[in-house]
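In the part that follows, the structures are each spelled out as structure tokens.
Below are two complexes that have chain A in common, paired first with chain B and then with chain C.
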Partner chain A sequence: MSRRSAFVIQFSVTLLACAFLLVPAILSILAGVTVNYFQGIVASGVTLKWVGQVWELYSDTIWRSMGIAFGCLIITAIIGIPAAYGLNRFPGRISRIVEEFVSLPLSIPGLALALALLQLYGTIKGFRLSSWFILVGHVLYTMPFMIRSVLAVFSTIDLQSLEEGAASLGASSWQRFKDIALPNAWPGILAGALTVVTLSIGEFNLTWMLHTPLTKTLPVGLADSYASMRLEIASAYTLVFFVMIVPLLAAMLWASNKAQSIGKPS
Partner chain B sequence: MTGTELQLLGCAKTFGGKTKALLPTDLVVKPGEILGLLGPSGCGKTTMLRIMAGLETPDAGGKVLFDDEDVTKVPIEHRSIGMVFQSYALFPNMSVRQNVGYGLKVRGIDGPERDGRVDEVMAFCRLEGLADRAIDQLSGGQRQRVALARAVAPRPRVLLLDEPLSALDAALRDTLRDELAMILRGLSMTAVFVTHDQSEAMAIADSIAVMKAGRIEQRAAPEVLYRDPQTDFVASFVGGANRLAGRFEDGELHLDGGTLKTGIEGNQPDHIFIRQEDIQISSPDVSALRGTVIGRVYLGTHTKLTIAGVSETPLVVSLQGATAPQIGEIVGLDIPATSLIHF
Partner chain C sequence: MFIFFCFLPLIVFSLAFLALPLVRLFSASVEGELGWSIYGEILSNPRYMQSLLDTVLVSLAVTIAALLVATTAALFLTHNRFRGRSLLIASLTFPLAFPGVVIGFLMILLGGRQGLVNNISSNVFDTRLVFAYSMVGLFFGYLYFSIPRVLLTVMATAEKLDPALVEAARSLGAAPLQVLRDVTLPGLAPALIASGAIAFATAMGAFGTAFTLATDIDVLPMVIYTEFTLSANIAMACALSVLLGLVTWVLLMFARSLTGTSIAASG
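This part shows the complex of A and B:
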């Protein structure tokens, strides 16, 4: 086989793989801006009407999802970073058990977790009917990702020696946490934050069980629009989802790459 | 001399209720003195250093004094010590200047005063021009000097160094050892450093405490330790003296390779020590002690010979001069009675 034909075959396979991934997404996005999908985009023309309708019908789900993701990030950071710090600082059997226990929600299906939450807190009406209820579910589900990614960084930098070094220079335990542990854990914190936000925005299983008609999140709204709206609206919804999440992912990826280059262990 | 007097009184350390890392020990380090803690791994030297630092607390009854102040219960951050760690423990998120200035920063010293003191210490430790480097852009020797500069910048009462040279390449170690010795002398600060390398201890310390199995075997100036060791362990660990074991009779030691006139009267030991450089090679016909050369390493300034058949274990002889015997040759050994070490 000549080099040229090898190149042609490789190129075709790559192209096919790309097409397999991209064509459905492109079609779906195009459907969202087509006047009438069954007549086709050429015959019926292009419109932003459907996007407008999505905004009218579902903008609350978008804001709610962003709010829950942000809240989830704050809570997992406030609890998860000190927790990872503590687990690293006091290694031993109990720490290992705690670590495994925190990771338990990963191995339990979202539906089961939701059911447990409903059984336990379902009767507290004000809580059950608010977005806080969904937030609690998301925090449970995403916490292990924050803890584990921060813990992973702590274990690569020999934090104990660094902290002893800082202590020998007169730093209090708060100063050691703030000046040494936190800045050196930055790559892990960012990677964890990226995972937490993405998982929270896209979470469906758990949220579907926990939501009420007044506390729909973006993916629940998306499922709702697929089931009950015309195809163009559901597609326009997908488009909105896409436009929201892609820049967010890109920004956080950029930030975590940047942090990794400053936080390298010596 | 300026500086703080450091004292340990009855300090012991037991880990996990049974592992005795350090037996009850008394130790005084005079103001401005540089003390080396020398011993093989697991002898308790690092534990002792960590007790001085406040990273470990001694078992009940032990006391650590800085001058006359009891600091046993004072945590490390309030003890005002400077410490150089084996791994250096430099902060990777900070530049060289920030590392060196950190101890001043946490004490609330800011602005021109901090900059001035950091510049002064960096110049002293020969770190000019490296202030804005990141830690991962430094060589091993530079890192070591940054760690030292960082430790001394807040002007600690006592400077503690845990194996400060062991992270370096062997080729660099000799040069940096002499440099470290010079910097430490220039600081005239009470300092204690831990090492397993006797030449390092000799080069840097005013006084050396040789440790074994959790206790100090002997504490003396380097020359005294070398010339007049007080225990078997010190004799063999410091300078690698040869152990000659045999049967004593009328001041003569009978060995596998012949007899040795020792001039020892009265209480006669069953073994003695002799330093490598105190043995002379002579003709086997005239000497009362003979052996066979089984190893020969030429080292420029001297040749190291390994000679079997003299005592239970082969003898090591350090021979000056150009003509050393070859492997397989039978040689005579002259050992002057005045050079023998016995207890």
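This part shows the complex of A and C:
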């Protein structure tokens, strides 16, 4: 095989993969603004009617998803950032076990985790029926991303010398954490925060088991519309989801790249 | 002392919402009528074993396909600079955060009864081509969300490979396939193992796609869901969850021990 034909094969596979990912997404976007999908967009025309209907039917799920994502961000930050700091300070056997343990939700399927939460807390009705139950699931699932993201930045900077300098000038543990560790960890915190919010808004596996008819999130509402609504409404709803998730994802990838380039010559 | 307070919130949260629920999940699995023999029942029941086998097979097929496609694209995008390259990268990574339900819906638009493929084949070749509501649809759905993950991991590694090695192999007269086999792929091996393991584990545990496509696709997560909701067979749902969780966890640990890097499945 010549270099030329190798190039052609690689190029075609890449384009085919792009088409495979893009075409269904474009179909869905078009269907969401088409008056009648079965007649086609050209014959029946373009409309925002379906997006309007989605807003009427499902705006509560959008607000709830945003609220849960925000809550998830706050809690993972409060729990995860100090924990990452601690893991960085004591990189021993126990720290590895702790990190390994809190990372379990990455390798155990969401369905199993949700079932576990239901078995233990399902009977506490006030908790089970509220959005807090879903929030707990989301925190469980996104926590490892926050911890790893912050820990990755801590491990590239020489925090120890900075802290020793500050300590010799009389800074307390809390001051060193607040004034040295936190500002230095900022790129990792930002990347972790965007990852947490993006994953929380898109989470389905756990949420489907944890939700109630009164606590539907955006992806749960999507599943609901796919099963019971006309195709145009389901597509318009998907379009709303794309508009929310794609910018977040782009920001997340940008922030992760930036955080990873710390300590490397640019 | 201060460090203790750093860990305290994490320890409290993980004990309450991770450790205890998992222990409860396991104890609930052996509290049914069958007791401990429920695990024997799983192994001897052809329906559960068939679904486990189907889940493993479709996940394996997806992993192999995703590795082939995404590695080819990743190498192409790493080795060539051209206008529109970043656009190609963007269109290969944007589904990264799509939940399984959305991907199921996209597969219906592509291969469903009113899907694009069926429209074209009915009009042009006068044959119906509907593949969305079966294992084939599930395969394409899982491929859809595996390609971006594998691509990003492999590209990150491919960019760090020393181009001088490839040049050296070429100047010694190696053909493109030989360079690929003897230089590039060995260099990529850790990334291939890591991303392959993620793709496999994600496919094993994925639920949303099968849920949207059809209720009679008997992959293990769907079986767990129906045992729990329709049959109210809580003990069996818990036992199958324990089994599924153990399989994916052991697999990711194994992949990790091969590569030495941390691996995360998500979705």
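Simple rule for what comes next: the second predicted complex is superposed on the first by the 226 of 266 C-alpha atoms of A that agree within 3 Å, B and C clash if a C-alpha of one lies under 4 Å from a C-alpha of the other, contacts with A are read in each partner's own complex, and residues count from 1 in each chain.
Criterion: a residue touches a chain if its C-beta (ideal position, glycine included) is under 8 Å from a C-beta of that chain, and two chains touch if they have at least 3 such contacts.
Since this is a predicted model, take the numbers as computed values, not measurements.
J.: Answer with first, second, both or neither: which of chain B and chain C does A:223 touch in the superposed model?
T.: The second partner, chain C, only.
J.: Of the two partner chains, chain B (first) and chain C (second), which one does A:77 touch, if any: first, second, both, or neither?
T.: The answer is neither, since A:77 touches no partner chain.
J.: A:165 contacts which: chain B (first), chain C (second), both, neither?
T.: Touch status of A:165: first partner only.
J.: Touching A:28, do we find chain B (first), chain C (second), both, or neither?
T.: second
J.: Have a look and say if chain B or chain C is in touch with more residues of chain A.
T.: C
J.: For A:41, using the defined touch cut-off, is the partner it touches chain B, chain C, both, or neither? Pick first, second, both or neither.
T.: Neither partner.
J.: Is A:244 touching the first partner chain B, the second partner chain C, both, or neither of them?
T.: neither
J.: Mind working out whether A:255 is in touch with chain B, chain C, both or neither, as first, second, both or neither?
T.: A:255 sits against neither chain B nor chain C.
J.: Show me the chain A residues, by the header's touch rule, that chain B contacts in one structure and chain C contacts in the other.
T.: Correct list for chain A: none, the interfaces share no residue.
J.: In their shared complex, at which residues does chain C touch chain A?
T.: Those in contact with chain A are residues 1-3, 5-7, 9-11, 13-14, 17-22, 24-25, 28, 69-70, 72-73, 75-77, 80, 88, 90-102, 104-110, 114, 116, 140, 143-144, 147-148, 175-177, 201, 204-208, 211-212, 221, 224-225, 228, 234, 237-238, 241-242, 244-245, 248-249, 252-253, 262-267.
J.: Using the touch definition up top, name the residues of chain B that touch chain A in the complex.
T.: Residue list for chain B touching chain A: 53, 55, 75-78, 80-83, 85, 87, 89-93, 102-103, 106-107, 135-136, 143, 150-151, 154, 160.
J.: Mind listing the chain A positions that touch chain B in their complex?
T.: Its residues touching chain B are 157-158, 161-162, 164-172, 175, 179-180, 183-184, 186, 262-266.
J.: What residues on chain A touch chain C, complex-wise?
T.: Per the stated touch rule, the residues are 1-3, 6-7, 9-11, 13-14, 16-18, 20-25, 27-28, 31, 37-38, 78-80, 82-83, 85-86, 89-90, 98, 101-113, 115-117, 119-121, 136, 139-141, 143-145, 147-148, 173-174, 177, 198-199, 201-205, 208-209, 219, 222-223, 226, 231, 234-235, 238, 241, 245-246, 248-250, 252-253.
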